[in-house]
Structures are given as structure tokens and as C-alpha cells.
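Each of the next two complexes has chain A plus one other chain: chain B in the first, chain C in the second.
On to the complex of A and B.
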């Protein structure tokens, strides 16, 4: 692509000068082709830049301001309160539990997704019959809207009529209903956190597999053959050829999923709503509860902004990765 | 095929299928289970003594009937469709020119601007929903599905601009030059020559405006609390649960009726989504 644009740059003004009669009229600077192209180009960009700037950029700055004010739904005039909201958040044990849960959730689910996704990607890389159908079925968890599948999981993890418990019971792996041996997936603190993490893993591991496959198929076979000829064994090829080549794409996929996992509210909101007793509270659900349900916009904004330092490294890495690329 | 080779091929297939089987069960069973639940009779759902995987009472469409006659489900579908339609219109009108300008016009700073727009796709709704709640109430759009029309382009525009940028780069420069030589202006060349050959890119952008809009839950939850203004995922999740009573059959029916078509369409365009996210990582 780079070559095409480089060629086009040199040729186009010449072609225009010959072809378009108006270009022969004594050119003034604002009439020059480059300037007209810039004006045309930036005016094409304006709507998108304005929209995104006004509804992402400005709100983002506004949320910084909200976090430093005592704004609430009832009182439109807000006072500047400095870092009170942030301090209040850090001091509250609800917040600390939510922060811890968010970290456990993201890290734990991330590890599980990597393992499952890698295994699946290597299986799907094989040639076998029905590969397309299998792939289409395997990505269902990712393509179905998350709020829809979360409802399905809520039914599957029902305290009494859970189909999972029914199966485990028939296999005599759990006790009878009503006894301590009967797991109430969404009602017991540790199980509840594990369950919401599991649903997140279920939703995202196909995505991980597909991203990894996209990376693996982008490595030219000649490169691997060359490494083979040079006497590199499988592990050496993996470590020194394949992984470095697919690292950028894995990084982007991983960051994208991390951002989704850290900020998604629907799984926890629909499955446990943060319960039992705060055991599955994460920063997004807490921000929603404080900001919208309790109407304390400032406090809520402060809580959601705590996500930003967690997201920032991801975004910086991504930015560096995108900029390094040739266009 | 010689016998040993065939046997090896069979063994390889058996191994691969055996490896894939747990993944397939994991991925598909929950959706299958939702589908079965959607057409089970109520009495059949709450039994622990019989095998739950199949029908012990004849299947029924009662759960769907309840959706349409006893809830605002029809409204929710109309709302979802209207929101997606207007979001697509806004996205196409803004992302197409932007993607074209970034990809073709060699503007100074285009690269950084392109990255900047894509980065906004990664600013998660959870950071924006509180200030946007203010914006929505200033616009007087609270409890109206129009609030979602205003807000959803914040993620569809960045994604589709990025996607279309990659797409426009693949359209040969020569056809534009030829059009300009033939007397088209820059805008004329874009409208009459470049867009007609770019329709696959435009279709993809529309599809993603639809599917990405359907993936949202937080914005609709935060902005809309009136029943007849809700989109389907929110309506199903909030209106079919009365206190402690869950209408499981109707919940599953309502969720799948929209979820499965979205999943299928998304599935067809999944590779475009992946290469959109990973950008030029695949060279």
C-alpha cells in the first residue's frame, strides 16, 4: 500500500495540471491543488472529529470535573470539592473490595482465556472436515450479545433448577438439594465470583482463539521453512520466529479484551448484581450503583475514573504499537 | 489412498474432534439450553426428578405469546431497530468521509488523527456514562430511545472510520485520477466513482453499526427506565423479572429472538471485525 500512495503523490498534480483547464488560470495560493485538497480533506473529517470530540473527549474531561465536584442528580449546581471523592472512595471498604475483585476478575479470567484460547487456536489450525461449521459454532459465545447470554447463564446457574447441578447430582459429584453439598453458584461468595469470571471466560475465549489464528496465519510459511532449514527445532521456531512475529496482533487482541473485561458491567449486573454481600462487586457495578442509582454523580465518576489508571498502560502500549506500524 | 495413509487420516480426525468436543459443548450448550427453555412449558421447567435436557411435556409457543401480548416486546423490537437504523445513518454520514480523507488525501497529521479516533473506541462506556447521562438530560432525551441514537455513535464512528480507512486504501488511486481527468471535482470523484466501488465496505460498516449497537447494555440501563422506550436486551432483562419471579421461558425466548440473528450476522463478518481491531497487524 505504501508504494501505491508514494507513486500517486508525484503523479497526481501533473495529471491534473494537464487535464483540468481551470488549473491553467494563474494560481493563487489558496487555489493551489494542495491547499484545496487539505480544505476538502479536513472538511470531510470535521463531522466525525466533532462528534467524537463532543461526545467522547468533552465527556471524558467532564467526568474528571465531576469526580472533583459534589455533583448529584438532584442538585444541578456543583461545588468543587477537590480530591474528597477520591479519598472517600479509597477509604470505603466497599470500594476496596470492588477494586480487589476487579483485579482478581481481570487477571484470573485473563489467564484462563489465554490457556483455553491458545489450545483452541492450535486445534482449529489443523485441517479437518467441517472446520468452517465448527468455527462458526465456537464463536457463538462471542457474537451473541452479552446481555442475552448472561440471562441464559443466570438460568443455568439457578439456585434450585440449575441444569449444571442436575447433571453433577446425577454423577454423584455434589450433595442433594438443600444440603451443604449442593452448590448455590450465585449465592455463595467464592462460587459467585468464580461464576461471573467463568461467564466472562466463556464469552471471550473464542475471541482469543480467533485473534491468535489470525496471527498464526499471517506468518509466511517460507519464514518457518527457512528456520527449519537452519536447524531450529519446534520450540526454537516458536520462541524466536513465531512469537515475535505475532506479538503485535496478540498484544492488540489482549488489550482489547482487557479493556472489555475491566469495564463490562452486564455480566455481574445481571448475574449477581454485586452480591452476595458485595462478593462480586466490581468497579463498574459500584460506579453505576453510586452514580446512577444513588444519584451521586461526583462519587460515581470518581469510582469509574479509578479504572483509568488500570486501563492507561493498556492504551499506551496499544498506541505505541499502532504508531510503530508502517501505513 | 493407501490403507495406512487413510488410517492415519482417520486417526488424526478422531483426535481433533475429540479435542474440539469439550470446546463445542462449552460454547454451544448454553445457547441450546436457552432455546430448549424458550419452548418448554412452565411446569416442565421446574422439575428435578426427570431428565431436563429434553421435553417431558410437549413443546409450546406460549412463552412467545406472553412476550407479545403481555409485555412491550413489540415496542422493544421497534426501538432496537430504530436505534440501529439511525445509528447506522449517522455512522455512515460521518465515518465514510472521515475514513476516505484519512486513507486517501495524504493530509498532514492524518496518521495521528486516525490513531486518535481509534483510541476513542477504547475509552470504555463505564468512564463516559455519567457525563453522558448529563448530556442526555440536557438534551431532554432521558427515557427516550433517541438518547441511544445520540450515544451509540461514540463507539460506532471510531470503529467504522478505522474499518473504512483500511478499506479505502485498497481502492486503486487510478480510478479517482481518471475521474478527475474526466472533469469530476474531488467530491464528484468520491461520490460518483469511489463510493460505488466501495459498497462492500459500506455494507460492512452498516452491519457493525447494527451489531455493535446490540452489544450495549450499560447505556440503555443508565438512560432509559420507561418500559416502551427500552431496546430488547434491556427490556428482556428488566421487565420479565417481577420481584423474585423470573419468567424464564419468556426471558429465553425474548433474548434469543434477537440474539441469534445478531450472532449469525456478526459471525459472517467476524473476520472483518478481527482485522478491524488488530488493524494492519496482518500485512
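On to the complex of A and C.
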């Protein structure tokens, strides 16, 4: 008990104020600066985590559930079937062709876009009259709705009324209409696959060029100048100075493009619908056809999940590379 | 003259008045009062004949005004319908009245569709019964889960002027079709049938198969019957037809390409819906004057079997307005003649009594009047089995057009049949296991 000091009437009991030895209150642990910073940081992060979790995580887990079940469009309750759907997909030659086409489509278009995008970016970095107009025109393929541009290409690649064939015919580079020398862009297997890849490249490579330009503008000119003074030629400057400096941007751009190309359903769906004889069938079109149009949701989901193991290693490699560069 | 007592007179006149009233009510079929003040939302495709959609929307609005129902009609491209239905089913909400076109999903969704046997029964009674093939589109286990609206026939359209110039007979058999193509291709007028991934390829090559006597599945829809001598004959025929009478562009064609081929004046004959006839009528009057129509070509055994594109109404169980939806579907069934007129003869009814001659549009056009009997030779994918989920998957996977494409491109027939049967049996096995 604390000591009470004497005091006159009306005086404020001093002991109450100073005489009672109060235990020193330690700051609550959750009010410490470290914890408060931790909570504040995570509360800022929570919306993003919820967003990714709800819009990416839940659909992914749901498609995983579908792929392991015999779900169909009209059956609310599905049975667990293990990896039956995955095995059924692998057994189908249509699926194997679609898988091969997906790889060819993604790699082929990716390489073409890299070359064209890089070339275009360097060209657009040069100073010339009308550069802004040219830049605006070049991004147009990327800004036009894909359905509109694909239908435009469908007409340009038409077997009978193709403007490309008309021009090539006028230049005497192809045979007459109705002969074997008349290219049927969307009807001959190799040409059909090349055509859908071409339209994908045409639509996406300006995006690659813009990403690359963004990176190139961040490279200090004095670094380039220094490399020039040291006698580095263009390729050496590109390989040893520019690319290492803009590598994070290139990697993120490459990752985006790979994902977009591998999951691109619109161009194939609108131009060839996977034909002729599966020559342009890719995993997204096959998954849509089996899962939605034929109603076999489980098997459709299993086909679409084959994209995941293809993308995962690429993503892990790229992200690890990015992290290493951050440190 | 016998005396009639007042009691007898009253009884007789009462019976007459009551009977007449009942007959009038039945004839003018008043919708039940409970649907007044409700809303009916329906989802349809965008018809190939835009004027039909305009007519239909007005027709639906007028029905709504007459019955005090607010009617909302949504049209989307037919290939997008399956995705929309999957979404509506998953959400348990959406349109009251839906529509299957080409891809008939009755077998998938029947557990979640309203039993419409009462509507089907009333329509059958009024119009002399349904075509036998109608049940395939709308029934599961003997119950009507949908009401067939109309189907689209895929006849032969041929250029009489070109045939006459070379003394060729009308292509009423596939052999004559081939002879004509072989004769006319060197003159710059080949034929063309899609060897690609499109609806027409599915219908056209099935028609060839069925005309050659091949069958897709048994009547129960459980056993695949395509591994047959007739299938091989049909494939052999298609290869010859391609090599002798077509150009490679058929491998790239979509559904509209053969319309353009005919309208451009190049084709000597095609196998397509009368949309091609209408396109030609609108764009090339000279070619149109010489374009004639035959319901189907006969196979080597004389069999003619046209493969149509079915259109079916259905109602979700979660629909908020089943009563109005049923009333409207029955009302549409009562007005098929107007629908035929609005679609310029494109829509053909499933009800046998609606084939009384002359039929609207096709009965008055001398070049189309032969289509008035096409209902007798019409079947649908999966024939003679039902349009079951596995048959639907075979259809959407384009396996049959791909078999024809492989053979036309030079693959061995046995290897092709082996591939096709492998894919088809795998699909049937998965569905039967499920």
C-alpha cells in the first residue's frame, strides 16, 4: 500500500499523485513500431492479395477441381475421377496435335515477335520526320478489337477473294485462281498454321516494340556513349550494355507475351476454327470445344490445365532471374 | 314436323352455345390470367435471315401486349449460345426461355429443364403429330424437355444452264453430282463442299454418309455403327468427288464460302441451305435465274437422307416465368406459317400437319417446291440414334469432316476409319462411363 502524506483540508493529496508507486506500463507488443509497420504493410497488400486470390486463385482451384471430376455442363454434382480426364486427353490424337500446334504457335510467334519488335523499337528510337505518326500507326493493330482485325484478315486470306492473292497474281508470283499455284492460306495445313501465327505476330509485335522502347529510353545515353568510346560496336553494346540493363523489362514483357500467345483463342477460332483437319487446333480452342460446346466440363478443364505445366517452368525461371537481378 | 319442347330447345341451344364458346376459346387460346403483369426473358440466336429476327421480335412484342406480358428478346450468335447456357446454368439465373441451335444440349441439361410434354402433346394433336426425327432433338427418356421450333434443310443447289449446256442430268443422285462436277470443273465451274471445321461440313458429309447407307449410332444411341462398308464407300466417293470436281480452296471454307461460290457464278452445284439461294437472288440475278434446288441426292442404294439443322425451345427449371414461356412456345408453334414467310422459306416445321401444300414461300416458288417433301427424308446428327451428349461431342469435334478431309488429302481409307473410330469410341466410352 502506498504511503499517504499529511496534508491540510482542501489540499490535494500529494500521495495520490506522487506517492503511490505505480507499475511502469510496458508498451503493448501490438503497438510496437515493428508490429504497426507490419500490420500497415499487410493491410495495404490485402486488397491485392484478395484480388489475386478471388480472381486467379479461386478460378484456378475450381478448374483443378473440374479437371479431376466428371463434371458436365448440365450436372451440378460431379464425381471425383482422379487423373482419368488427363489420361483421356493424352490418349486422343486430336489433343496431341493441339499440344504440338500450341508449342509451335507460341515459340514460332514468340521468336518472330522478338525479332520484329526489337527491330521496330530501334527504328522508332531514331529521329525522323513523322515519327509520332508512325508510332501511332504501329500500335493500331494492338488497339483494334481482335474480332474486327481477325475478320479483316479472314477476308484478306479468303480462298476466292483474297486481296493478297490478287496482288501476288498481278505480280505473276502465283498461279491463276483455281490452279494448284493459287495459295489457299487457310486451307493448306502448313499455310494455315503460318497464317494464324502471322496474324498473332502482326497484332502483338508492336506491343513488344513499345515495351522495348520503354526499356531503351531508361538507358542513360552516357553509358552508351562510354561504350562507344570504348570501341564497342552495335551488337556488343546491345549484348553487353543494353540487354543487361533492360533485362527486367524484357523478361516481364516476354512473360506476358508467352502467356497471351499460349492462351490466345480468338485468332484461331475466328480464322480456321482449328481446321483443316486439326492443322491449326491449339489447346485453348480444343478445351473450349470439348468443355463448353460439347459440355464435358471435366475433360475441357483437363485440356486447358495442360497449359499450366507449360507455363509454370517458364514463369519460375523468369521470376527467379528477375529476383536475382534485384539483389 | 316434330314438336320441340321448351326444355329440349333450351338444352339443345345451351349445348350449342357452350360448345361454340369452348371451340372459340380453344381456337383463340387465351393465355392464363396469371401471366399478366409478368416478364418473359428469352434468348435466341441471330438468324441467318435478319428480316426473320425483325419479324420475330415484333411478333413476340405483340404477343406480350395481347397477354399483358413484358417480353424481352436477346439475340446472340449461335456459336456463343453453349457458353451462355453453361454460365446461366452455373449461376442458376438467366433467361426464362432458351433456344438450342445446331448444338442440341437437351441431353445435357434435361435434369434442369421443364417438362414440356403437355405443350408437345397439344401441338401434336393440333397439327397431325411430330416428324419422327423431332423426338431426337427434344425428348429424353420419352419426356419432352424441349419443343422443336423449326429445322434448316441443306438441299442441293445446281446451275441448270451449265448442266444443260453439257447435256448433264439434274444431280438427283450423288453419282450424277460427281459426273457433273467432273465434267464442269475443266470449264471453270467446279463444285465445292467444305472440308473444314464448320457447321456445313458436319451436315454435308453426314448427308453423304447416310445416303450411302452408313449409320452413326444405333437407335438407342449407345453403339457406334460407323465402322462399316458403307462408310468406306462414302469416303471413297468423297475422295473421287474432290479430286475430279473440286479445287483445294474447299479446305479453307467457312459456312458462307459456298454461298459466295454460287453467287459469284463459279460453282456448278453446291450442297447448302437455301441461304445460298437467297444470297444469289440478292446479288447475282443472272445466276439466280439458273439456280435450281433438289431436296437431296440419292446414294448408290437409292437412299436420300438430308441432314438438317434443328432449332429447339427449352425452359430452365429456375425460370421465373414457366407459364408464360410455355404459352409463348405454343403460340409460336401455332404460327409457323408466318415464320416460314418471314424467313423466306428458310424455316421448315417439325409438325407434320404444317406440310400441307402449298406451303408458304417454298410452295409458291417453282424452284423450291420440291422442298415441301423434305421433312420425309430429314434426319439429324447421330442418326438413327438421338442427338445425345456423345453424338453432340462428335459433332463439335468435327471428327466426321476430318475423316473426309484426311481421305481427300490422300490418307489411306482404312487408317482414316481406324483413327475416326478410335476418337468416336473414346468419346462414347467417356460418356457411358459418366
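Operating definition for what follows: the second predicted complex is superposed on the first by the 250 of 327 C-alpha atoms of A that agree within 3 Å, B and C clash if a C-alpha of one lies under 4 Å from a C-alpha of the other, contacts with A are read in each partner's own complex, and residues count from 1 in each chain.
Note that contacts are C-beta pairs under 8 Å (C-beta built on N, C-alpha and C of every residue); 3 or more make two chains touch, one makes a residue touch a chain.
Because the structure is a prediction, the values reported are computed rather than measured.
Peer 1: Which of the two, chain B or chain C, is in touch with more residues of chain A?
Peer 2: With both complexes superposed on chain A, more residues of chain A are touched by B.
Peer 1: If you stack the two complexes on chain A, which partner ends up touching A:159: first (chain B), second (chain C), both, or neither?
Peer 2: Touch status of A:159: second partner only.
Peer 1: Could you tell me if A:184 is touching chain B, chain C, both of them or neither one (first, second, both, neither)?
Peer 2: second
Peer 1: Of the two partner chains, chain B (first) and chain C (second), which one does A:292 touch, if any: first, second, both, or neither?
Peer 2: It touches chain B and chain C both.
Peer 1: Examine A:94 and indicate which partner it touches, taking first as chain B and second as chain C; both and neither are also allowed.
Peer 2: In the superposition, A:94 contacts chain C only.
Peer 1: Tell me which partner A:262 touches in the superposition: chain B (first), chain C (second), both or neither.
Peer 2: first
Peer 1: Which holds for A:72: it touches chain B only (first), chain C only (second), both, or neither?
Peer 2: Second partner only, chain C.
Peer 1: A:277 in the overlay: touching chain B, chain C, both, or neither? Say first, second, both or neither.
Peer 2: second
Peer 1: Of the partners chain B and chain C, which touch A:192 in the superposed model: first, second, both, neither?
Peer 2: second
Peer 1: Tell me the contact category for A:45 with respect to chain B and chain C: first, second, both or neither.
Peer 2: The answer is first: A:45 touches chain B but not chain C.
Peer 1: Across the two complexes, what residues of chain A are contacted by chain B and by chain C?
Peer 2: 160-161, 288, 292, 297
Peer 1: Okay, in this complex, where on chain A does chain C touch?
Peer 2: Residues 70, 72-76, 79, 88, 91-94, 154, 157-161, 178, 180, 182, 184-188, 192, 272-278, 288-290, 292-297, 299.
Peer 1: Okay, in this complex, where on chain C does chain A touch?
Peer 2: 79, 82-83, 85-86, 89, 103, 105, 108-112, 188, 190, 195-198, 247-254, 257, 260-261, 264, 266, 389, 392-393, 396-398, 401-402, 405-406, 409, 419, 422-423, 426, 430-431, 433-434
Peer 1: How about chain B: which of its residues touch chain A in the complex?
Peer 2: 12-13, 16-17, 19-20, 23-24, 26-28, 30-31, 33-34, 37, 45-46, 48, 52-53, 90, 93-95, 97-98, 100-102, 105-108, 110-111, 113, 115, 117-120, 122-135, 150-151, 153-154, 157-158, 161, 169-170, 172-173, 177, 180-183, 186-187, 211, 214-215, 217-218, 221-222, 233-234, 236-237, 246, 248, 251-252, 255-256, 258-260, 262-264, 266-267, 270-271, 274-275, 277-283
Peer 1: Where on chain A is chain B touching in the complex?
Peer 2: For this pair, the touching residues of chain A are 1, 4-5, 7-9, 11-12, 15-16, 19-20, 36-38, 40-42, 44-45, 47-49, 51-52, 55-60, 62-63, 66, 116, 119-120, 123-124, 126, 128-129, 134, 136-153, 155-156, 160-161, 163, 166, 177, 202, 206, 210-211, 214-215, 217-218, 248-249, 252-253, 255-256, 259-260, 262-266, 269-270, 283-284, 287-288, 291-292, 297, 300-301, 304-305, 307-308, 311, 314-315, 318-319, 322-323, 325-327.
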